[in-house]
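Both of the next two complexes hold subunit A, though its partner changes from subunit B to subunit C.
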Partner chain A sequence: MTAETFPQRAHRSLRDSQLRRNLAKATSTIRTKTAKVSAELPDWEALRDAGQAIKRETLAELDRHLVALEESVTRAGGVVHWAADAAEARRIIVGLAKAHGAEQVIKIKSMTTDEVELNPALEAAGIRPFETDLADMIVQMAHEKPSHLLVPAIHKNRSEIGALFRDQMDRPDLSDQPGDLTRAARAYLRDKFIETPVAISGANFAVAETGSVVVVESEGNGRMCLTLPKVLISIMGIEKVLPEWEHLEVFLQLLPRASTGERMNPYTSIWTGTQAGERRAGDGPGEFHLVLLDNGRSKILADEAARATLHCIRCSRCLNVCPVYQRAGGHAYDSMYQGPIGAILTPQLKGLDAAGSLPFASSLCGACQEVCPVRIPIPDILVHLRGRVVREGHAGLGEGLAMKAAGTLFDHPALMALALSMGRAAQAPLARDGRIERLPPPLDGWSLGRDFPALPKESFRAWWKRRKASR
Partner chain B sequence: MSDREAVLAAVRAALGAAPAPSPAQSAYRRKGEMDAAAAQARFLERLADYDVHVEVLDDVQAIAPTVARRMAERETVTLAIPADLPRAWIPENARVLADDALPYPALDTRPSVLTGCALAIAETGTVVLDAGAAQGRRALTLLPDHHLCVVFARQVVETVPEALQNLKAAVDAGRPLTFFSGPSATADIEFDRVVGVHGPRALDILLVRD
Partner chain C sequence: MLVSLFITCFNDALFPQTGQAVVTVLERLGCEVAFPEAQSCCGQMHNNSGYQQEAVSLVRRFVEVFEDAEAIVAPATSCVAMIRGQYPRLARAAGDAKLERRVAALAPRVFEFTEFLTDRLGIEDVGAYYPHRVTYHSSCNSLRALALGDRPLRLLRAVRGLELVELAWAEECCGFGGTFAVKNAETSTAMLADKLRHVLDTGAEVCTAGDNSCLMHIGGGLSRQRTGVRAVHLAEILACTEQTAPAS
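On to the complex of A and B.
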């Protein structure tokens, strides 16, 4: 376990009333919109089935589809790179940027570049990365971390952002109005889009059949980065490949409706290789690099009970319905992947030692699975990972000991009665308002993620006996 | 071992010898059910939900005067066009900027741009460019602040799957696709929606019932 666990971080964010207001507004607005536009399609459930089936079939033959993607991208003029881990991905991308003599690069929102910690590596090489998505730019300028997959700066209010822009853009005239701040971002980035020769992006999908790569977005910064610079470097997790062009027709319906609650996101760009040779500049990059990243994904693939984690299309719908996320906020997950999907993905990518408290950051209510556009059984995977955390000894002994002790007690009614009466006597210093927040060691591992109801004065069994006797 | 071999070996080891699942039958709609008139009506209905200016025209002759009027309303004087735009669409008095690999600053912000499209999707209010006739290169429809896009009624398909099926040939030819559904937008600051970020801040759809 790291020095800080989910409950410790969550305790901090629970005290931030601005954060809770922003989260409540954002999540309830998106929930309403996603519910409306997904219910609007008569075949929404069939689309979810298809999305799940395509992901399952793709993963089952992932090696074949990756090789096919490599061939098709290469045929279209692109260069494919393979990165087994984050260090290799950084080495490839920094190396390419350096080879082009880039002093700065423009970036499109990409959680994968956050995952491999690309920006610090670029900076260390003397290359300044400019995030161009408005929220990512805010988070970058403030030297903070994203707090929501889709709206990463949801923890900041307009006056904080106004102050940040006035300072960093040298624009003392700016107001705090979102419209003014957005216009300021447009003016600030315009020249960078036009003049910067190297762009870095993520990818929502890549089609093995055609070699096409897909980026969906709202602001147009993606179109700028994908269209104007001479060199484009895109990085994607190996699970993002789709075997056939036809599969896009499913995901381009599922993603916007589940994500922002739009029938279609404002902009989608699909490009195939380079636009070099006789084609004109300004229709796409003359040089295109695609980096295929493993970084722990093949390990997730090997764990069959958790494999469906790799179905995720990063829509963030599970965050918006999660009662834990809505209150604890994104920073409590200490990851670029937050909420329910973060609670299963982050510990598998970072390791159960580093992020073993996350699978416990859930009440297992199942709201996430209910809305997931590709039907990831998040609660099942949470329970599976909790089991691994305990069995593999990442959690201290508390949970395992508590469960063993409970097993013995439930098997032996006399022991149970004895334990309960002892508990009633011993709980006085621990119970507050009918609850116990922390059990004494070694049982504290179990109470880390949950409160324990204080034992009532009289047990049900005692009451039942007394009731019978008094008849 | 190269990273390529390492990744592929790890994936193969993870999958083991288990047989691939047989492909599931898809039950979602791959074709729409509306007639042309209903699809057009749906397209207009969807556009009304976006911050798009819509003009419905009875014939091709109406394009040029409509473009002239919209430019006057938007107070633009220069009209950027792809080199292969039909002459009949261009207003007589417009100052025309034909895009022949123009440097980006020449396209930046000031002019209006007039193009056709590959097709439009009724169900989502989306227009798609595929670098085909009368569409120009991607930079042309990205840098100017005002995009006027001509959509012929016969180009409207009902569903997303039909659109992607029709676009396959362009993709096989290596052409890039751009889908747009309304002008650019963001909700990144306190989840307040602001229209017009980096792409054209004003989008006009000229639907020609021809």
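On to the complex of A and C.
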């Protein structure tokens, strides 16, 4: 089966006028807010430099920091598991849930669990996962996929959510008012928090020095998940480790301002091991497991030109400023990681054969790099990955030949002049009043909404020669 | 001053009038213009499409052709951004330390057209006359990669008769992006639709920019929709005076 490409998926989403409206409204609201609160900090640029430097230095010695993290977590009473790939992560987590006889688990926002496709594995084992982040819950109820890193249900507006709740929560009386919808969600989720003994979370950061794990969120539902259940299982990509406690100072400033546009994150949960551990006094989960996931990250680390992909702190600011994301929407990326960061991360995780169209889903306008809080050079990495797509044979044969031919022409000005005069002859039936309304394949996409200029009679080069001769 | 013109392949084949306008302006300002005929393409299309090997041979050609030039001027923001931003990376990736050194020595002498006028010549009023209502689209490369700021606007504001109207959402890409416009034609067209709306909202009769690739895209949409608004490279505006007809 050939995987669908970005242009094929965008073909559908671009026609969805409700989606276009929802996305334009939501992204422009967040983007205005993040621009305002990041600009107001006098040391914002210095914070970005610090964030980039900490990530770069940490990745340079990732092995050492991960071992230190394992030691700290173990000392604090937790158990660390190493998962080389998605299958191993699923096996570990499903195994832990089963060992506790769980029939259901509550989950708090974790893209990493989506990355390893945990929910279907839990369901197959007879364990029902309940997403408790409001937007994740909406997406799960609708049997859809998240379309934004931070705002997974950004593609839905409140009337669509109202209709979903009326149907799924059996509440035909429910209005579309945000207050009513929130109250309905709260009532629905409270029961789950109280009755479920096993929780699964992601992690924004983990501090090697102390063994502390950090989750930032806006609703407080994460706080419930992290504090109420007896057993807490957290999964994080290996790149999320920070060597020192002090490093949180930088990231806890960068993340909320770049993501939700808040000055301070509303709910920051930090826990260190279990209630029996050395640092706790009867506080925290009875049992804590930390799953460290590789799943392709070591390979990204080994590719020097793409390594900065691992700097990402999942703030999603690049999505909100991306003109491609704003129009095509998150589902066009077919990944839990969408937008510009998704266009570089997803193909490296899933492989260029499966997601090779993503690095091309960008006009290289650079808006993402301009705002990235950890200064990931996304356009450069996109270009690097395009090169890998070509070198590893995932580009079309026809395109390869055309590019070779163009290369030869550019390297031989005389041949180019000949090609141009042939082009002038060939365009005669297509050109009218200096315009070509319909280009032939494979360039016909251009003609979708744009005329093309006909080749003028004389190139600049020819004009220059003529001018020189007449002087 | 002897200025070596890097016309760029795109302008050479499709927009010769832009090159002629650059020559007109530079000569009017007292520069002598040279056109090294062995020049070709900067390699941007190959590089950005993933054909970096082909791009490297064009890097070599560029360096050989322009290495001894005093100042190199190109009326194309994206090609200058390619030379400054990507040439060092390409030379390094090719493992050619000598090429890397030659690129580093040459790059500071490569100027985008408006930047050359304002920074190297120190001129904002080039003596132009253009009695039209004009809006300016800042290409992504002019805005971000080259950080040209208001240089192009300062030049336009000094043009006699020109009424400059600000473009809303000026920092947003028009959707061209080279092969992106064809490979992701629908998304590209959706981006263009919004850009055209903003251009039309200004009530301008001319949309200008420092790069004919954006202008081919915006102009192609303006033409397709029969808006009557035309896309004109900034150099062509600066070339016009009360005495001369627009370069053609």
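In the analysis below, the second predicted complex is superposed on the first by the 404 of 471 C-alpha atoms of A that agree within 3 Å, B and C clash if a C-alpha of one lies under 4 Å from a C-alpha of the other, contacts with A are read in each partner's own complex, and residues count from 1 in each chain.
One rule holds in what follows: a residue touches a chain if its C-beta (ideal position, glycine included) is under 8 Å from a C-beta of that chain, and two chains touch if they have at least 3 such contacts.
Nothing here was measured: the structure is a model prediction, and the numbers come from that model.
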Partner chain in contact with A:Asp43 - subunit B first, subunit C second, else both or neither: first
First (subunit B), second (subunit C), both or neither touched by A:Arg128: neither
Which of subunit B and subunit C A:Arg466 touches, first, second, both or neither: neither
Touching partner for A:Lys25 - first (subunit B), second (subunit C), both, neither: first
Comparison of subunit B and subunit C by subunit A residues contacted: B
Contacts of A:Ala10 with subunit B and subunit C, given as first, second, both or neither: second
Partner chain in contact with A:Arg432 - subunit B first, subunit C second, else both or neither: neither
Touching both subunit B and subunit C, residues of subunit A: none
Of subunit A, residues touching subunit C in the complex: 6-7, 10-11, 14, 305, 323-324, 327-328, 360-367, 369-370, 380, 383, 386-391, 395, 399-400, 403-404, 406-407, 410-411, 413, 416, 420, 435, 437, 442-443, 445-446, 448-453, 455-456, 458-465
Subunit A contact footprint on subunit B (complex, rising order): 2-4, 6-8, 10-15, 18, 20-21, 23-24, 26-30, 46, 49, 101, 104-105, 108-109, 121, 123-126, 131, 137-140, 142-143, 160-161, 164-165, 168, 171-172, 174-192, 194, 196-200
In the complex with subunit A, residue positions of subunit C that touch it: 7, 9, 11-17, 19-20, 35, 37-41, 43, 45-52, 54, 57-58, 61, 86, 89, 93, 140-141, 144-145, 171-173, 175-193, 216-217, 219-221, 223-224
Residues of subunit A touching subunit B in the complex: 22, 25-26, 29, 42-43, 46-47, 49-50, 53, 56-57, 60-63, 66-67, 76-77, 81-84, 88, 132-135, 138, 151-154, 157-158, 161, 178-179, 181-182, 185-186, 189-190, 193-194, 210, 212, 218-221, 223-224, 227-228, 238, 245-246, 248-250, 252-253, 260, 262-273, 275, 280-284, 292, 294, 298-299, 301-302
